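Here it is, the structure, as structure tokens.
A, B and C label the chains in the order they appear, each numbered from 1.
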Amino acid sequence: MTWLGSNVGLVAELSLHHVQLSLLPIVVGFVAAVPLGVLAWRFKLTRGLTLTIVGLLYTIPSLALFVLLPPLLGISFLSEANVVIALSIYAVALMTRSAADAFGSVDPVVRRSAAAMGYSSLGRFWAVELPLAGPVLLAGLRVVAVSTVSLVTVGVLVGSRSLGYLFMNGLQRSIPVEILSGIVMTVVIALAFDGILVLLGRLLMPWTRAETTSRRVARRLRLTVGGGS
Amino acid sequence: MTLFAEAIAWIFSPERLLGGNPVSQRIGEHLRYTLIALAVSALIAVPVGYLIGHSGKGREVAVSLAGAARALPSLGLLTILTLVFGIGQAPVAATVVFVVLGVPSVLAGAYAGIEAVDRNVVDAARAMGMTEWQILVRVEAPLGLPLLIGGLRSAALQILATAVLAAYVGLGGLGIYIQRGIALRTYDEMLGGAILIVALALVVDAVFALLERLAVPAGVSGRTKRPSPFRRRALTPATAIEGAG
Amino acid sequence: MIEFRSVTKRFPDGTSAVSNLDLVIPAHQTTVLVGSSGCGKTTILRMINRMVDATSGTIEIDGDDVATLEPVRLRRRIGYVMQNTGLLPHRRVLENIVTVPRLNGMPKAEATELGLRLMDTVGLDRGLARRYPSQLSGGQQQRVGVARGLAVDPNILLMDEPFGAVDPIVRAELQTELMRLQVTLGKTVVFVTHDIDEAFLLGDQVVILQQHAVVAQRGTPGEILAHPASGFVSDFIGAERGKRALRIVETNGSRVVVDADGRPAGVLVDGKNGS
């Protein structure tokens, strides 16, 4: 405990940096995965290819990716960009699968009736498909956020400053409390991201709160009453 | 690209193939840790997952457990358990961590597999007079096998990735090349190690993908011409059984 | 004979499916329970083989209270056929048919022989024995379901809207087949449907049910048609008559299904697609 007392500043500084490192991959993951997810869902031809590529990318262990990326991209192997890019790749890979599932989960009857009401295909995407895919997209994004926050710690092995520093430093100096502080803060940050996303989901998709038991029925109803988003 | 050429040359250098620190030995270590941890995870998670899937109870607990496990930083768990168990006990500490990280994926695969079985089929089996055990063993388990193997696949990759980090607590395996390469700034070694790790991960993934396909019972495979009324419900989100990389 | 004595079923969520039911189902006859969806008819059926346990009251089969019988053993001596067939998708047709005899320990060769004979009984080509259920049409799947229900030569056969999911032509075929079977087998059949035409066609005894499985009328089809016991019954059989009495009319080469008044009710599509 004495360690924690004299190192609150360090933990706070590392936590802040940890958050900064986590943010970009999560945002990139979401923004890039929505079009990729559409690609994987809409067209049979691109479906297999997209899902195979993201599947293979996701298979690569993180430390190996940290080592492989710098010579491929011509960046320094100790640069922070390395970690951020690697984690963005994971986020995109994971999120694309979720996005494809999310669009696949939209009831085709609802899609057809929206088209029949006169939506253009782009208009239908924004007004019907994207909002209705929302709950599954959100579930995927929550997984992405939590695993990104957890993976940032591995970056310490290639010199990036995050809560992972406490793990390696604590191991070398045999201070369990130091490692524990790192674990606890990582989990706290992950839960905070998760909580924020849940809150955002409720704000952006108010209907999901009422929609616990009969999701499909509620969706159909909303559509016939008009105005889904 | 010369870096990659050097890394390949490093992998195929006589010393890597035959010398004191051969690749084959490291791959063997890595696979051994992965398989032992996977087996232990399965021993724990399959019965529990089947129980959850069959009874429909405890699903929320399993889901939140999986979420919590995803938030736990694997490197943090490895280092703290190494300190707790003592440096000499690194293999035990590492195996515990691997199992902690492997169990949620196997659990999710096991219960999702059972849940995905058409309820009408289970209902009919019960109405015919199958005991609960017969329903589980003869109906639910074979029909849920592909999803269970999917869960094992996620767990295996998760464990394999974490085993790379375990080199830092003195466990050996393929991660040792990266650890040494980074420490000594020998790029051919760390890159060569990374390439080997990726290759191993892809092979393991491919093996499980094949098993997954083989496990689909003949009557429900895509080989039948007629659309099946019993087609497996898509598991959404698929990420439910994914771990972290 | 199956006898319900003041049977009530309330589900844990408080809804009451069956309240205070008294009903006698005579042996070696077909009794059809008919009513609109949610009236509790399926619950009545499922209480006979203890797929659902009654909250109060007793159900007796030939004088034995089912509550005292072990559910698994009870179910193995009662045939059960359901709407979505519930065939095991990973077992071949023959294996599906003889599932219960095999569970009871019948040797494989004997079971195969039995399965093939049952396929003859229900009018299935023996050549289909090694197919998987997904390779059969809806009507063929339903025949497999019936064969499976007959596999242990049960005295009682429970049928829960077995022909509800097949197209009208196949349904008519299956209904005829069932009547033919019943003449030779003489099982105690309890048949649930929401289709009054089907009920009148198949039932020696028809039981018309209102909400909460209240018996609105019980009798032979002739008795019910001649003397509906209440406004509910005459509504039920009358309102349904015009719509249910479908026949086929050829128009411009396509086959249109029309009701009793000649109004088109739909177009007959390729029968093989029904499931």
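Keep in mind that, in the parts below, contacts are C-beta pairs under 8 Å (C-beta built on N, C-alpha and C of every residue); 3 or more make two chains touch, one makes a residue touch a chain.
Keep in mind that what you see is a predicted model, and the values were worked out from it rather than measured.
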Nearest-to-centre chain - CA centroid comparison: B
Chain located farthest away, centre of chain A as origin (C-alpha): C
Euclidean distance of C-alpha centroids - chain A vs chain B, Å: 21
Chain A and chain C: spacing of chain centres that average the CA atoms, whole Å: 50
Chain centre separation (chain B, chain C; CA means) in Å: 46
Interface residues, chain C side, partner chain B - complex: 46, 49, 51, 72-77, 80, 82, 84-92, 99-100, 103, 132-137, 141, 148, 158, 275
Chain B to chain C touching residues, read off their complex: 118, 120-121, 123-131, 134, 138-139, 142-143, 217-220, 224-230
In the complex, chain B residues that touch chain A: 1, 3-4, 67-68, 70-80, 82-84, 157, 160-161, 164-165, 168-169, 175, 178-179, 181-182, 187, 190-191, 193-195, 197-198, 201-202, 205, 234, 236-239, 242-245
Partner chain B, residues of chain A touching it in the complex: 55-56, 58-65, 67-68, 71, 90, 94, 97-98, 101-102, 104-105, 136, 139-140, 143, 146-147, 149-151, 153-154, 156-158, 163-164, 166-168, 170-171, 174, 176, 179-180, 182-183, 186-187, 190-191, 194
